[in-house]
Every structure is written in structure tokens, then in C-alpha cells.
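So that you can tell them apart, the chains are marked A, B, C and D in the order they are listed, and the count of residues begins at 1 in each.
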Amino acid sequence: MKTNRLEAFSDGVIAIIITIMVLNLKVPHGTSVVALAPVLPVFLNYALSFVYIGIYWNNHHHLLHATRQVSSAMMWANLHLLFWLSLIPFVTGWMGENHFAAVPTALYGGVLLMAAIAYFILQWSIILDQGSDSLLAGALGRDIKGKFSMLGYAAAIALAFFNHWFADGLYILIARCVAGTGPAHCTGA
Amino acid sequence: MKTNRLEAFSDGVIAIIITIMVLNLKVPHGTSVVALAPVLPVFLNYALSFVYIGIYWNNHHHLLHATRQVSSAMMWANLHLLFWLSLIPFVTGWMGENHFAAVPTALYGGVLLMAAIAYFILQWSIILDQGSDSLLAGALGRDIKGKFSMLGYAAAIALAFFNHWFADGLYILIARCVAGTGPAHCTGA
Amino acid sequence: MKTNRLEAFSDGVIAIIITIMVLNLKVPHGTSVVALAPVLPVFLNYALSFVYIGIYWNNHHHLLHATRQVSSAMMWANLHLLFWLSLIPFVTGWMGENHFAAVPTALYGGVLLMAAIAYFILQWSIILDQGSDSLLAGALGRDIKGKFSMLGYAAAIALAFFNHWFADGLYILIARCVAGTGPAHCTGA
Amino acid sequence: MKTNRLEAFSDGVIAIIITIMVLNLKVPHGTSVVALAPVLPVFLNYALSFVYIGIYWNNHHHLLHATRQVSSAMMWANLHLLFWLSLIPFVTGWMGENHFAAVPTALYGGVLLMAAIAYFILQWSIILDQGSDSLLAGALGRDIKGKFSMLGYAAAIALAFFNHWFADGLYILIARCVAGTGPAHCTGA
């Protein structure tokens, strides 16, 4: 079995996830600039989640590029990843509408942590099937960043209950680390 | 006519169905963990439906892989299947929001039963067009599971009026049976 | 320019149109069979619109299959068709929620008429660009049905103001005519 | 890396953006022609936004057709463009529901301006990677129109605070200019 249809299906699901998030931006009733104020935190959080899903699409793209065929385990590992990604619009809406309160901010990190774990499982399902040859070396390089990010999400979940600004800042730092092309974006941030 | 565009269209529709279900997870008004409580049954039901639609995508993928060309009957049988799958977000929402009450739980099984029948018709429309050669042998193996699952859905619909936990448990067992690679998942569950 | 990306984009839009219609099926508040009653007309209308959009996808598939390259006029004629198709979820919802009242039933026919005209324009934009050669003969055969259907929609719009059952029946007859493989489905209905 | 999957993902996101805008057309409660009146401005604005997104899809299609491979910068420039396009349903809804009031009309222009800048950046990310060879000459021709349109959006934002009809008219003129095949559509409009 080739990877084409798995890529096409994942692209479709990720494209829908990244787009339906915008439905959380509720059209305000007033027509002044002030009427936009409650939309602002939802918008900022939308932008952050847009970047995260963009990163996942990008990395997913590279990962499957290095994959030759699809096993049954890979198919389910991929669906598992899409499941956690599909919850991002929900937690983005909850976090944004509540001005980054503690529990929604922690849950946001929780879903990102689960997605990172699901991505880790997907990588291993590919390596177990096809061996850790040179094609996947790049993907494994990203894997190190994956472990970094998992620690970061866990820290952000804990920080959300002390000061949500620390958690928010950490989410931005992790995005910068995972999106960057080298490890310098993670350590020197 | 080739199967490419039929696959692409089905992938698109299934990707949208699996994703818009998450719109049933309404953003709660409070910011505490308690505020998440009403979302929990909707979430659990979302996870179950996600698995079911994932199974359909997976099996559909294998079925069309074994198909060489598309007839008019196949095209309509495929749209018929997509129609019943498209109702899954509606029944998932109704069942989840009402904490698995009898009628919604039975209707959930009813839509799954209709989708299983539609899948059965799609398989036969392919076999009638192309003959039951070796390529479809695997698909027919799945067909036996299809008959198993139809009986299971019918039983779950009846059980929903006695005790919804039995019906819910049966939905999970059927999913495990249909998703598995061998008949052992169906009998030894 | 090849037709691949035009097909892929149209498939995407049509897949979304056919699926988001289901969002009009609002989850009822009660848990009894009676609570489903208000959903029934919306459901029936959803099924009708599902068939119509399925027909358009099917015919669009055949039409572009007979097309070798894409002109600028074709691209815009295609977007024009997608525009009218995208209004079908709106008129389906209005007609279904108001139990097939006169104005919504007439507007439903109006949007179908505009879509039929847009399809007619798309056919001609292809023929003007590529000549009426043998490949488009099949498409032109469907064109005759297109003219049939336009007359039918106009009649249904008028009938909606006398008795909506006549209009509804006509919508079903037209769908049967346009979906069928021969003219017998149109005359002998 | 080839452009296939970038095209497929962009097509998916643009197809969803162009379609979910129709969800802003709320089903009216009455059944008379009068009940449609509040929907009319939303509908007109939907048609305008549909044309704009159609233009972007069309131009994006030509731009990537002239691109041989995808760099990391291009991937992010493309996501940046999709981000601003994804906000069009939100500003379309706000502008339409408020009968083209000043601030929503200006914000509509603001999002279009940001999308035009993002498209400009995407063009340059391609040229920087692949050199300004003959294949991109057509794209650069469109670039001149892009600069025209940016000035137009800036003017429309200012005009929205004086008389929204001027701003609305300008949005239509810019669409006609950018969609046209020659510069005559921009100067002689």
C-alpha cells in the first residue's frame, strides 16, 4: 500500500481542523472597534493554534515523505494523531473565550502533549515497520525536538495554575523551537 | 473510468465528517474542571464515532484498492454509504448530549446499521461489475465481519431500551471486531 | 493547464457542501421519538439535496473527464457553478425548517435553476474552447436533460405558490430524470 | 520536495474557506420574501468574498504552476497567506450583518490588504529561491496588479469612515482589476 491516500486524507483532515477554528471567532454584535475587544484573545489564540497545526502539517509532510509504504499500525497511529489534533479547535475556543484562565490553559497544553505523544508513536510505528535507515534520520532529528516539546508542554500545564503568562510564553517558545530548522531555536530562544 | 476521483471525493467527505463532529463539543462557559463535566459524555461518544469513521475510511481504502474501474451503480452505492456516514455527527451529538438515553442510543445503532448495509451494497455493486476474483477475496473476508456487525447493531438497538450500558458496550465490541485484522477479535472479544 | 487541480478543488468544495448541510440537522433537546419530529422535514430535504449534489458531482466528473485543458473562462464558469451549489445548504435549511412553505420552496427551485444555468454555461465554455468533438457528445446528451430540468425548476417555482406538494414531487422527478442514464427516466417518470 | 502536497493542502484550505462562509447566511425564521431582507447584505458580501477567494485560488494555481520545488520559507509564506484568507469568513460576516458599517468595512479591507501583502511575500519567497526566470514572468505581471490592489485596499480602509459606498465600490473595482487578464481592467475600470 502506498502513502498517497494516507497523505491525502491527513491533508484533508488537517486542512479542515486549521479552518474550522475560525468559526470560534464569533461575529460581534456592535460595529465599533470596542466590539472587537472580546474577540482579540480568541484571535491571538487562533493565531497560535494555526501555527501549531501548520507545524504538524509540515512535519507530517516530511515524515511521510520518508515513508515508502503504509502498515495497519501506521494507519491507526495516524488516526490517533488526527484525533488529538481535531481537539485543538475546542481547547483553542475554550482558552480564548476565557482570557487564558488556568484550567483551559492547562487543557490546551494537555491536548498538545497528547498530540506530541501521538506523533512520537506514529514515528515509531514507521521505524518499527521499515527500520531506522537513512531516510528517517531527518525525522529522528525532529524526534529530539519532540521530546523537548513534551517536557515543555508538561511544564506549561503546571505553570498554567501559577501564572498563565508563563504558560502562554512557553507555548510560543515551544512553537518557535519545533518550527525552527535547527536545535538553536530550542536552546537559544 | 478510474477510481482516483471517487477515492478523492470519498476521502474529502469522510475527512469532513470525522472533523465537524468536534463542533458538537460546545465550548463550556465556566473555567473550572467541573465545567467540563457536561462535555465528557459528548467527548467519549466523539471518540467512539471517530474510531467508527476511521474504520470505514480504512476499509473503504482497501475495498477501492481492489477495484479497477467505477460503474454508475458503484458511484451511487458509494454516495449512499456517504449519506449514512454523514448522519453520524448528528446522532453522535444527540446521544452524547443526552447522556446515552434510550432513543438516541438506539438511533445511533440505527445509523450504524444503515451504514453497514450501505457498505454491503457497495461491495456487491463492485463484485457484480467485476466478478468475485482473487482481488476481492480480502474484501469478502471483511464482509463476514460486516454480517457480524449488522447483527450486533440490531442487538444494540434492542438493548438500548433495557440498559444503555449494554448497547454502549456492544458498540465498542463491534468496533474492536471490525477494526481487527482477524476474526479472533470478533469471537474472543 | 491540466484539469487535475480544477477537479481537485471542485471535489473539495462539493464534498464540503454535501457535508455541512448536515449541520442544519439541529440536535433535538428531548430524548423521545417525538423530539425527532421537527427534524424529519429537514432530514427529508437533506436527503433530496444530497441526491442533487451527488448528481452534480457525478455529471461534473464526466464533463471534466471529456475536457483536456482549462481556459480562464472555464475556471470562472466553474466557480460560478460552485457559487450556486454552495447556496443549496442555506435554501435546504430554510425549506426544511419551515415545512416546505411557499417562498422557501420556490427559492429552493430558484437556486437549483441558477445552478442548472451555471452548468449549461460551463458546458458551453468548454465547447467554445475545444470544439464540439466526439468526447463531449456524451456531455451534450446530458445537456438535453439539462434543458428539461431547467423547465422543470421553473414550473416548480410557480407550483410552489399553489401547492408545495406538486413542487416537491417535481423536484424528485427532476432528480430521477437527471440522475438516470437514459431519457426514459425523464419522459416515462 | 515537489509542490503537489502544498497545492493539495492549499486547495483544501481554500475550498473550506470559500464554503464555510455560507454558514454566515443564517436561516431566517419567517417564510415570506420580507424575511429574506436581513440576509440580503450578507449574501451580497458573500458573493464579493467568494469572488476574492476565487481570484486567490486562481492566482495561487498559476503561481505554483510556475514553481518547481518547495522551500521551508515558501511553506511558511504559504501558511501565512492561508491565515489571512481564513479570516475572510469572519470579516465578511461582520460586514454583512452590520449593513456595511464603517469599522467592519474598514476591517474587511484590512484583512484583504494583509492577504495581498502575504501573497507578495509568497511571490518573493519563490523568486528568492528559484531566481526571477521566465516561468515567473507571468506571476510578476500579476505582482504589478498586486501593488495596485494594495493601494486600493488602503484607500478603501480610509474611505470606509467617510462613505461606505465608496469603499464597497472600490472593493468591486479591485476585484475586477485583479481577476482580469490584462492591465486594462485596472486602469479603464
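Criterion: a contact is a pair of C-beta atoms (placed from the backbone, for glycine too) under 8 Å apart; a residue touches a chain by one contact, two chains touch by 3 or more.
Note that the coordinates shown come from a computational prediction; the quantities given were computed from them, not determined experimentally.
Asker: Greatest Cα-centroid separation from chain B: which chain?
Answerer: Farthest from chain B by mean C-alpha position: D.
Asker: Taking only the C-alpha atoms, how many degrees of rotation bring chain A onto chain B, rounded to the nearest 5?
Answerer: Superposing the C-alpha atoms of chain A on chain B needs a rotation of 90 degrees.
Asker: Would you mind working out whether chain B and chain C touch using mostly the same residue numbers, over half shared, or mostly different ones?
Answerer: different
Asker: So the centre of each chain is just the mean of its C-alpha atoms; given that, what is the distance between chain A and chain D in Å?
Answerer: Centre separation, chain A to chain D: 27 Å.
Asker: Counting only Cα atoms for the centres, state how far chain B is from chain D in Å.
Answerer: Chain B and chain D have C-alpha centres separated by 38 Å.
Asker: Find every residue in chain B that makes contact with two or more other chains and list them.
Answerer: Correct list: 8, 12, 15-16, 20, 23.
Asker: Quick one: in the complex, what on chain C touches chain D?
Answerer: These residues of chain C touch chain D: 1, 5, 8-9, 12-13, 15-17, 20, 23-24, 72, 75-76, 79, 82-83, 86-87, 89-90, 93-94, 97-98, 101-104, 107.
Asker: Which of the residues in chain C end up touching chain B in this complex?
Answerer: 7-8, 11-12, 14-16, 18-20, 22-23, 25, 27-28, 31-33, 35-36, 47, 50-51, 54, 57-58, 61, 65, 179, 181
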